[in-house]
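Two complexes are shown next, each including chain A; its partner changes from chain B in the first to chain C in the second.
Moving on, here comes the complex of A and B:
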């Protein structure tokens, strides 16, 4: 056991912690030239150069707007479908489950290319709504799965109780289901935002150069910027899921039965 | 309770509407790959199979994604198996999932920063005198073998595999292990008879997700690949967005082929798992 423990600490530190640490250090240091004896020199110019780029701010705005839209739609579809799949038994259920998983097994690039003409025809190409729609494809299957597991763990007793006591479905959702599903909501928040931030090709196809998101600024930067600025940009990417996570956490505080000081006063 | 049950089917409305997006997209991509000015044609497929560029690219893509997914699964399974009691705790789990905070191409940049010829590792090796000049460092990024792409994918997908496998290990009852032990089985028997049957469906599902993703994703190969051989996704994107308008149907044909291929693998896996489940059930009844 202790051998495994040591092995784990070394592996995780070397492969997961160290790279992120190096990235953070590089972002606040001059570009490294260890072989020439130049090591860590503190600077914040990299962040200054990055944040003085006007494209960065508008792209951040687009990315957050898309991320928020994708997240809200994911929560809606995920909660409803997850509940249905966890609580209902019907013929062909395993087929429906497989269907719900299928969008992440079909290349999203093929879907985006196929939808391109249709999006132009109905006026959704080059718009925020169009990009949100295409970003749903690689995210919704995960959300459905996460909420299905959450409802299954909750068990049918807790879902029948409010029904017997005469709660409306909406009342039940806010007083029983959502407070018990906070971990699931957190996971979905992280996953959907990160996946949405990772899409370059499909955003370019549906967004058509009007919707410029962060990845579209990142790719050309690679040819011109030095390592410090690129590291700063990488850190910037990680900040966005964290920011939306904090916002989501604040929203979750509004749910009933949450441990917050002003509500627990006797 | 019948009223409640029938009403519940309304819960499926949003997901059915959602499924229309990928279904229409795929259908339209396939339709556009077999149409030439309104007439049905297979000419784009024949020109694909005559194209040396396409065949090389397809082989390269298959190789990179197969190696990436298998390596991710093996390493992820190994870490989960060896360290699963530790991973139940909050902090170790958080550290393992740290790479999931970054998009794939950002992690790709990390690979460039650390492992390129002028990267941190190479600099450090020069400093300590392990290698003389940057050219002594092996070419791991933008290389013709897809090493950089594979490295990025494995690094990013191992945490995903751990995320998928952890609940399985948590759900295995310790009594099973006791049984194997009292019957005199070793570590291998424990893995084969207790863990593997639990793991199999999740392992197959994880493999399909990772394989489909690595085969078709554009971002990482665009960042870490080279011009020859190139991944199929990059080639198709070029055909779709390139200067030659006539190449666009080729992009549709290539992506349709890839989609059909992935759907076929999924069906085989689904039937295989279902047959296994059915057999297990019959064994219990008889």
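Moving on, here comes the complex of A and C:
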């Protein structure tokens, strides 16, 4: 047991903490030529470049707004569709399941090109709603699959019990289903936000420069040889999923039966 | 069905009428107005400039230098939107297809292949450069560099914003004297195996490097840049080019088994000291990288015989801009001596100007001549003497295909 634990600590330090530490160090150092024996030179220029970009704050705001919108829509669609697919039997169910997965099999860019034309006609191009909608394409298939599995694991017994005890569907959702599906909600949160945050091409096309997200400011800098700026941007970029994850955890605390200090445990 | 048919027809007419209303001013009616009228109607508007955003020097030039001055002098709000040129054109193409006449883009920055595509697909508003006072006053309007762009006739549809020239960079602490010709480069790589490489032909810069060799192997560079691409005519030159490249390949970085995918990769190798030379368009590009500590301070530039290719890049107006007067006023401002002077100074962008220094008033002329572009930049005279024009855009694609077949596969 303790040997496994040690192994876990060593591997996670080696493959997770160390690279992150290197990234942080690079962001506050000038270009680091360690193989040439040149040491670490402390500087904060790369963060100054970062914060001097007038688009940075608004882009971060847009990205958070889009991420939150995409997440909420995903939870709605994922829970409803996932429950239906896991608990109901109907004709053509396997066909519906296959259709649900198709967006990740067809290149998103191809879908975006076609949808752009349609969105211009109905006035959704260059708007926040349009971007959120297009971000659903690469995220919804995963959410549906995750919630479908969560409901399947929960089993029909646990869903029948509240019904017998006379709970309304909404009551049942908040007291039984959501508390039991916390791990699934966490996975969906992380997955959708990270996917939504890293969409460059489809955001650029549908957002059309009116909606400027963080990748649109950040990705062009992939062309720079200045590793410090890249590192600073990467750290900034990583903060958003973390922030939204923390917010989601706080919301999850509001669910019943949660271990929170101010709720008495007897 | 019939009832709906009529309703549909009415709806279509209604929509068509709507879209016509939104953009009644065509560019030609705007350019026919007096310049003062154009400036007047440009006041209190927003101009959205869509451009590649991967260089903080360039971004800061727009955000910190140009935008506040335009606000102050012309009451125009200049908004920079970072987007790759290919995506901008894709967006315009779809909007054209959808019949969207009230676009979000007022200005784009482009040249070469992108201009060719935009012009062929009618994504640009039309001819306007003749109406710009600063262009007429301070620029050599008949200069072939402004008349054609990679072999495509400009027809007044884009205004020259800047010009750059290809240079090689080396670390003077490691090398006493850089090679002065491609033959010398070949013997240098033989003496220093693994210390030189170039980005592959798909990369903008790598492709330009390869075209330099094509120029060098031809009887004279003019036999390439003055001629449209004819594979039979240049077969002999091409053969020599491939044999040159295959000769140096074993002495390249990683024995030529792998080429950097982009200039960025090559720059990083140079920055780490793995290779001793890098290259690139913009003769002053090393300055900001030295300043940031990415390149060693001893970095200097050089050009080789027969010369170095240079090109001009332009500003243009897309077909569905909703603010033609604002776009014209903004371009005119970008072409002004003041804006060009600030662009030339090394603290922001450090890029060369297409302006004719001879046409400037005395005081301005001195200011242009007194600018120190930095130690890594060659003198204006040396750059002008080695200048070679760009060949037709078709050579770029030809080089991409052939290089892979002749060099990588051999």
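To be clear about the criterion, the second predicted complex is superposed on the first by the 234 of 266 C-alpha atoms of A that agree within 3 Å, B and C clash if a C-alpha of one lies under 4 Å from a C-alpha of the other, contacts with A are read in each partner's own complex, and residues count from 1 in each chain.
Here is the rule we go by: contacts are C-beta pairs under 8 Å (C-beta built on N, C-alpha and C of every residue); 3 or more make two chains touch, one makes a residue touch a chain.
Note that the coordinates shown come from a computational prediction; the quantities given were computed from them, not determined experimentally.
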For this session: Answer with first, second, both or neither: which of chain B and chain C does A:166 touch in the superposed model?
Result: neither
Exercise. Where does A:98 make contact in the superposed view: on chain B (first), on chain C (second), on both, or on neither?
Worked result: first
Exercise. Should A:15 be classified as contacting the first partner (chain B), the second (chain C), both, or neither?
Worked result: first
For this session: Identify the partner contact of A:201: answer first if only chain B is touched, second if only chain C is, both if each is, neither if none is.
Result: both
Exercise. First (chain B), second (chain C), both or neither: which does A:117 touch?
Worked result: both
Exercise. Looking at the overlay, what does A:223 touch: chain B (first), chain C (second), both, or neither?
Worked result: second
Exercise. Of chain B and chain C, which one touches more residues of chain A?
Worked result: B
Exercise. Taking the contacts chain A makes with chain B in one complex and with chain C in the other, which residues are shared?
Worked result: 33, 35, 113, 117, 201, 204-205, 222, 227
Seminar exercise, completed: Within their complex, chain C touches chain A through residues 48, 50, 52-56, 59-60, 63, 80-84, 87, 90-91, 94-95, 97-98, 100, 104-105, 262-264, 267-268, 270-273, 289, 292-294
Exercise. Which of the residues in chain A end up touching chain C in this complex?
Worked result: 30-31, 33, 35-36, 41, 43, 45, 49, 52-55, 113, 116-117, 120-121, 125-126, 201, 204-205, 208-210, 212, 216-217, 220-229
Exercise. In the complex of these two chains, what residues of chain A are touching chain B?
Worked result: 1, 4-5, 7-8, 11-13, 15-17, 19-20, 22-23, 26, 32-35, 37, 76-77, 80-81, 83-84, 87-88, 94, 98-115, 117-118, 133-134, 136-137, 140, 144, 149, 163, 190-191, 194, 197-201, 204-205, 215, 218-219, 222, 227, 230-231, 234, 237-238, 241-242
For this session: Report the residues of chain B in contact with chain A in the complex, numbered from low to high.
Result: 4-5, 8-9, 11-15, 18-19, 21-22, 24-32, 79, 82-83, 85-86, 92, 95-96, 98-106, 109-110, 113-114, 120, 123-124, 126-127, 134, 155, 159, 167, 205, 208-209, 212-213, 215-219, 222-223, 233, 236-237, 240-241, 251-252, 255-256, 258-259, 262-263, 266, 270, 274
